[in-house]
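Okay, got some structures for you below.
In what comes next, chain A is part of two complexes: it sits with chain B in the first one and with chain C in the second one.
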Partner chain A sequence: MRINQRTKRLCMASLAVLVVLAMAHARPTGGTISGKVTYEGTPAKSKTIDMSKEPSCAQQHATPVTTETVVTGPNNSLENVVVYISAGAPDESAPSQPVKFDQKGCQYLPHVLAFQVNQPLEITNSDQTSHNIHPQATKNSEWNKSQLAGAAPMDVTWNNEEVAIPVKCNVHPWMRAYIVVVKGPYGMSDESGAFKLDNLAPGNYTLTAWHETYGTQTQTVTVAAGKPATVSFTFKAK
Partner chain B sequence: MPGKVFAVVVVIITAVIAYCVITHVWWMPVDISAHGPNIDHQIEETMFGAGILFILGQLVLAAFSFKFGDSKGARKMSSFPGGAKPLIIFAFVVVGIEVLVLSFIGSKAWGSVYFTAPDPNSVRIDVQAGQFAFYFRYPGPDGKFGPLHPELINEGNQNYFGLDPDHDLDAKDDIVTAGLAIPVNKPVLLTLHSKDVGHSFDVRELRIQQDFVPGIVIPIHFTALQAGKFEIVCTQLCGLGHYNMKAYLEVLSQADYDNWLKQQAAMQ
Partner chain C sequence: MRTLTTKSIRIFLALLAVSVLPALTAAQQMESHVGKWTGHADTGKALYFRYCWGCHGFRGDGNGENGPYLNILPRNFVAATFKCRSTPTGTLPTDQDLYNTIERGVNNSNMPSWITLTGQNRADLIAFLKTFSPRWMTEKPGEPIHIPAEPKLTLESIKHGQELFQKLECWKCHGQEGRGDGPSASTLTDNNDQPIRPYNFSAGSRFKCGSTNEDLYKIFNTGLDGTPMPSFADVVKPDEAWDLVHFLRTLQVTHKSPELTMWESTKEGAQQVASRKLSGTPTGSGVDQ
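Our next item is the complex of A and B:
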């Protein structure tokens, strides 16, 4: 059976294009930045939230909920700090899988949510009451929409980098969350203060750590292939 | 025939409405305030006067349609003596007298709430209305309210009044709550603040409905005579969450009230 020479060449060319595309798309592997976020001093005590206005939410909490302006862990570790590359990272396309943001028990879950520019955000309401979602954005457009109990999820995207957008519910004024929209790789400190940024190309980066109460800190870091870089941030408790 | 049927229907409707109003089928909830009887008495008087006019009007309408509604052929048309001008003057005078008489009689009830000085030993509570919730502030053991700094209002950190307890001694022991509790049989003085737009403080059982006006601190005082839990609602359309702007009033015995206040103080 004779295969047409032109068909063969076409196949080869297509394959070559696909390989190049795949290589361009795959994130450079190897480099990582990891570290720990801690605080110094005595953080302000968190305050009890009284939800008696909304009995359907108050019932969901066996012990009263407290404010999350500063969430700490053992050994002075600081949670909910978003660590992201603010300079030095190449532009990359946002992942297409949506980030989830829920309203449950008249609280936002999670309290701090980081994701990338143009990455879809899916907002749900798991409560028996209506909420309104009011992100007070300044670099993206500000909006304020109601979501009734049992309503379908709301899908939104954010076009610009913005650190950070306070989100409030006007019907339940105690509800507060922060949406952090970043361009490049990011990590978030967990209950032990640890964070990690994966799959970085070797190079020099500017790393910014943001905390809702304590503000931002910046460090430069050099990532070498196959050698994880370690960075730590310490915030002063005000 | 249709004229007579109409007349009978009008009489039936009038009788049903009069029955419902007189027997209080849909009436106000029980009154728990010291000044409430004045207000209820005034409402009864107004309803009585308006009710008599309503019944007379309906009966006249029924009588005329019964007598003339079915007559055939051309009918002689009559008009008010002198035409439209005296008719309008007549209506203005009649309605004007009615409004003046009602206000004059009603001013007694209104004055009993607004033109009496609050008891100097009143329990003082600050109220902050904002889209879309009420918050309350008790002065704490020192009996003094700390100064307000509107620029410090931060709902995410539970600072609904704009207090600065780190710098203001008087604000240190202020107690901010999401519900209003008051002792029974004790005079209470509320001072109403709004941090954004117009709102209203309405507790039907207290017979109190008072608007919040941003920029003005409005005092309102009352005494609750009965323990229980009642709803406080905003009755001034204030924005998209207006329907859900509410809080609860708890009227407690003095001992329960003291306990409640202690619990709230511990939660600050």
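Our next item is the complex of A and C:
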């Protein structure tokens, strides 16, 4: 009889724990991680791109376009760095909102694009010329498709996490973009180097920052409820 | 006496099964199915280390002893990206596709034709080379593209193909005369970051993935994965694709074909073909300088 009561209590207690866990899982308590990405040293100068072989693109640019391998802002800030949770991310279903990726003036817009596994990607061609889209994936399947001027948008999804997939257009060898497919929340550094990850449940996370030229850096961070965590990354310019 | 023999055979077989089975891992049990043949990876392994590994490497990564000396590096089976497929871009090829490649060899590369190997040998090899990439465990080969029956050859078809050659901008790499000298040709690299040339139609050689009209149809509707050649399946309709095939044949000015004969029977075509044929001898005599 006594044992029975004890089991009952135990059952109730574990039920309560389960309910609390389920609630916590259903509603992340709005924890955030924010910070800044900077560089040390002198980055290599960007090079001017010669688009004369594609006049319809060259005409779209009043000033010549330069390479985007390192994009910096004031106060040593580093742009186009993807900051994502590489361990400890909750299993969430990907947003159904498509991410947009455009080819305009023989450039990819944006140059670095991050989104989640299985999130739809919509690729458009706004140019008067045709492009071939050639993502050189290794963890996802590699494909290569032509998209004519004025063609309908191309919809694709990516099944595996991959940081990062270089995208090429073989017809226009100067075109280069990176697609970053991540599992959990992510942020991207802007002109001031600032990034932010929203809506995180309290807990311990491993945060990775990736830059196309300077590689990756990793830090661990603890997010507490109602207390924004701050993390900063500094890359060495090579 | 007779019962004894059957018994001993049975015992022998049982012993064999017991000794062999645990040694087989899941990968080694990989099979291939081509026509009447079922290939087995464990048999293919011995063949691979006899015939293939010199170029394709111990680990199947294309990094064999001979690899660095080859222009167009040997295929990397770990990446499982294949040029000659009947399946859409980004998907795995069928066993039959791999079988055809082994049989045919890859033109303009160092991969020879392995017609000396039996059908069973080739099927076994395919089963083994599929053990190099985990993709074969998690993914199925793509659904082969549908190829409608080739329509009758007409002059209109060739002319429409010529328009498509412009519209699809094939010339940007292959050149207006199909000599593989388009404006982007000199910048092209493959997945190994090695320079790669677009196909030169005027040389008239076989295509990388076969020699028939149907092979040509497949090449631009599947793309040659791992190279700059994309798939045009989304941008060209199935009947139009045949028109393009017919026109592309006329660019092979040194290769006799019904398409070339028909094209040369017109005034415009005859002039074009004549101007594209190199005259004279390799020493230069007979060429107006």
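To be clear about the criterion, the second predicted complex is superposed on the first by the 211 of 238 C-alpha atoms of A that agree within 3 Å, B and C clash if a C-alpha of one lies under 4 Å from a C-alpha of the other, contacts with A are read in each partner's own complex, and residues count from 1 in each chain.
As a working rule, a contact is a pair of C-beta atoms (placed from the backbone, for glycine too) under 8 Å apart; a residue touches a chain by one contact, two chains touch by 3 or more.
Model, not experiment: these values are computed from the prediction.
Asker: Given the alignment on chain A, is it a clash or a fit between chain B and chain C?
Answerer: On the superposed model, which is not a single observed complex, chain B and chain C clash.
Asker: With the two complexes superposed on chain A, say which partner A:148 touches: chain B (first), chain C (second), both, or neither.
Answerer: Touch status of A:148: second partner only.
Asker: Output check: A:109 vs chain B and chain C. Expected answer is one of first, second, both, neither. What do you get?
Answerer: A:109: touches no partner chain.
Asker: Who does A:94 touch here: chain B (first), chain C (second), both, or neither?
Answerer: A:94 contacts neither chain B nor chain C.
Asker: In the overlaid three-chain picture, which partner chain does A:67 touch, first (chain B) or second (chain C), both, or neither?
Answerer: A:67 contacts chain B only, not chain C.
Asker: Look at A:132 in the shared chain and tell me whether it touches chain B only, chain C only, both, or neither; answer first, second, both or neither.
Answerer: After superposing on A, A:132 lies in contact with both chain B and chain C.
Asker: With the two complexes superposed on chain A, say which partner A:201 touches: chain B (first), chain C (second), both, or neither.
Answerer: neither
Asker: Looking at A:172, would you say it contacts chain B, chain C, both, or neither? Reply first, second, both or neither.
Answerer: both
Asker: For A:237, using the defined touch cut-off, is the partner it touches chain B, chain C, both, or neither? Pick first, second, both or neither.
Answerer: In the superposed model, A:237 contacts neither chain B nor chain C.
Asker: After superposition on chain A, which segment of chain C among 187-195, 205-213, 241-249 or 259-267 overlaps with chain B?
Answerer: Looking at 187-195, 205-213, 241-249 or 259-267, the stretch of chain C that collides with chain B is 187-195.
Asker: Find the residues of chain A that appear in the contact set with chain B and again in the contact set with chain C.
Answerer: Residues 53, 129-130, 132, 144, 146, 170-173 of chain A touch both chain B and chain C.
Asker: State the interface residues of chain C toward chain A in the complex, per the touch definition above.
Answerer: Residue positions touching the partner: 79, 81, 88-91, 135, 139, 167-169, 172-173, 183-184, 187-188, 191, 223, 225-235.
Asker: Considering the complex alone, what residue numbers of chain A touch chain B?
Answerer: That would be residues 47-54, 64, 67, 69, 129-130, 132, 144, 146, 166, 168, 170-174, 176 of chain A.
Asker: Hey, which residues of chain B end up touching chain A in the complex?
Answerer: 130-134, 155-158, 160, 177-179, 239-241, 244-248, 267-268
Asker: In the complex of these two chains, what residues of chain A are touching chain C?
Answerer: 53, 129-130, 132-134, 136, 138, 141-148, 151, 154, 170-173
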